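In what comes next, chain A is part of two complexes: it sits with chain B in the first one and with chain C in the second one.
On to the complex of A and B.
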């Protein structure tokens, strides 16, 4: 399948749940998906055997914007489809994709500890990278993280 | 089920292998029934660090994510930033990037052959492969001045040229390495004792490999045709392509064969590039500040797909740099494939994905009667060797 055909197939598969879409650069399509539609949309790609989930990127839009974005990057050859799932910073929750993609657990553990996005239903919520004594509610890749939050708490 | 537990703590700092990590295996007799993993002992916050440094500084930072495959990190980052800035490195720079990348793959695969052989108790192969690997390390030093963090890249091009003398040295080195590689292929395909440790062990079917989203040689050894150099060519991989190497068996033997056979492709593509090295500049100008945009950059690292997501915000610093290394999806497969195997096979199954590198500094073995015991990597390795003796 050529890259264009791949992207077109994906766009059609995802049409039901697509709120907005954009082509940020050649070979890529970004689609905005609501958190409640995430599992259905991911299942549509996986059931059609459209590529694989290559990474999950957390993106903090900052305290002023008040939102976090979770980007699910699916790759099929050179084509990349990114789901952009927007959640409020104060109540950041997405459903876990573990029922659709069993190996997603590692990606979700990283997202949870670094950004404080709860992946509801994920089987393992243990820390993957951060130390055991890392304080609760401190998420290092959020924009308002500061080292003072760690004073006397982690890594001592 | 658990009654009373006692723990024998060993580690976390002890010198079994180079990098730390923590695995727990539940066993029933000799058979592994569950596995879990804990990483992060060498997490240094590089993604966060890259947000507070300008693009030039961040390139030096990401190049230090990995000592084995530093060049792929720098290349993925440079290609991403160059895309955001709307510039392209000159053809000669791209050719040199690709040559260094393939030399890096050769040194990485040879390092892995040695370590995997060591885990199997086959120290002769370990010694030979590491001796031979010095040849490619010397070539990398000859080109860049460095054995490990070569620092060949700069935003917009490369820092080092390849002249006629170096071409001769590289060609002579490749001839030696190719001959040695034929010997390795013979050993991993025909040595009866070695095959006892690899054939039919750690099998991952094509379906499982696709479901688990594994990448690189680990995927290709299960028949998954996945190689970024072919699927989404970057640098000059379109003009100077490599052939896809796949094996169908999905066991450790297949993982050995894929990596060894890939070396021949690396030799071939380096020779082709050297014979047709484009003339011209080594660098092009790149603006210091970069307009707001997002890009994705993917590279076939020695261990599989390396993924970079870079967001710029109009300043000279990145808003976000996301790095997904190939070991993360591959590590997830270990947790699944380990189940049902002999405990004695664990060192080889872990080494089989070429974790970056043998990311284990201690093992915990949980006996089913509730007794809990910690082992060092060395103890487990020895246990595997004794088991097969």
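On to the complex of A and C.
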């Protein structure tokens, strides 16, 4: 399959749940998907044997915007489809994809500790990269993180 | 005149110990968050090309058998406990050499959420070898200066700091040969 056909297949598969879509650069499609549709959309790609999940990344839009974006990147050859799932900063929750892709657990653990997004139903909620004595409620990749939050804790 | 045999024996034993220690510093190498640049240079230092065995230096796998801890990289919050544990497992007297900019101050990683800073934030350091990465010659210089200190040639308690590496070693070398040529 060429990159264009790959992307077209994905767009068709995801049409039911797509709220917005954009093409940030050739070979990439971004689709905005509601948190409640996430499992259904990911299953559609997986059931059709369309590529694999390469990474989950997060994006903090800042305290003014009040939202976090969770980005699920799927790749099939050179084609990349990204799910943009927008969640409120104060109550950041997404359903876990473990039922669809078991190995997603690692990505979700990283997402939880770095951005404080709760992945509901994920089997392991332990820290992945951060030390065990890291203070609760401090998320290093959020925009409002500062080193002062660590003072007197986690070492020094 | 009284002769305190115990004291005499003790001083002989001390001299012997010090002699043995200086002639066979076994080193252990620990990376507490380095990018591996310094580790590669340490490996290069241990090759026959630089032949550090002439100083009795030998890489040792276990901290329980090592005299010198060579640390590279900044200390990450995850590695801190491991570094302290390795340091505590080493028998007295023990010495620490921090190798590379990151081990000195945190370097490029300083101020990062998962970084404690340089090695001296966590354990006492006896010699600092700057460079990114330092050349094997600089690392050898650090070890040898540490040995000289043990030998009593340098009685200050200040830690050893090896001079900043030359920015462009090739140009410096060319200049040196030029100076030599003009001198002769």
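Before moving on, here are some points about what is shown:
Everything that follows uses one rule, which is that the second predicted complex is superposed on the first by the 155 of 156 C-alpha atoms of A that agree within 3 Å, B and C clash if a C-alpha of one lies under 4 Å from a C-alpha of the other, contacts with A are read in each partner's own complex, and residues count from 1 in each chain.
Going forward, a residue touches a chain if its C-beta (ideal position, glycine included) is under 8 Å from a C-beta of that chain, and two chains touch if they have at least 3 such contacts.
Quick caveat, the model's predicted, so the values are computed rather than measured.
When the two complexes are overlaid on their common chain A, residue A:150 makes contact with chain C while staying clear of chain B. When both complexes are overlaid on chain A, the residue A:27 reaches chain B alone and has no touch with chain C.
In the superposition on chain A, A:140 makes contact with both chain B and chain C. Residue contacts after overlaying the shared chain place A:77 against chain B, while chain C stays out of touching range. Look at A:40: by the touch rule set out above, it reaches neither chain B nor chain C. In the superposed model, A:106 lies in contact with chain B only, and not with chain C.
When both complexes are overlaid on chain A, the residue A:131 reaches chain B and chain C alike.
129-131, 140, 145 are the residues of chain A that lie in the contact sets of both chain B and chain C, per the superposition on chain A. By the touch rule above, chain B contacts chain A in their complex via residues 36, 38-40, 43, 45, 47-48, 83, 210-213, 231-232, 293-296, 298, 305, 307, 309, 311, 320, 322, 324, 328-329, 331-333, 336. Interface of chain A with chain B (complex): residues 24-25, 27-28, 49, 52-55, 57-59, 71, 73, 75, 77-78, 80, 82, 101-103, 105-107, 110, 124, 126-131, 140-141, 145. Taken in their complex, chain A has these residues touching chain C: 129-131, 134, 140, 145, 147, 150, 154-156.
If you check the complex, the residues on chain C that touch chain A are 77-78, 80-81, 111, 113-114, 116.
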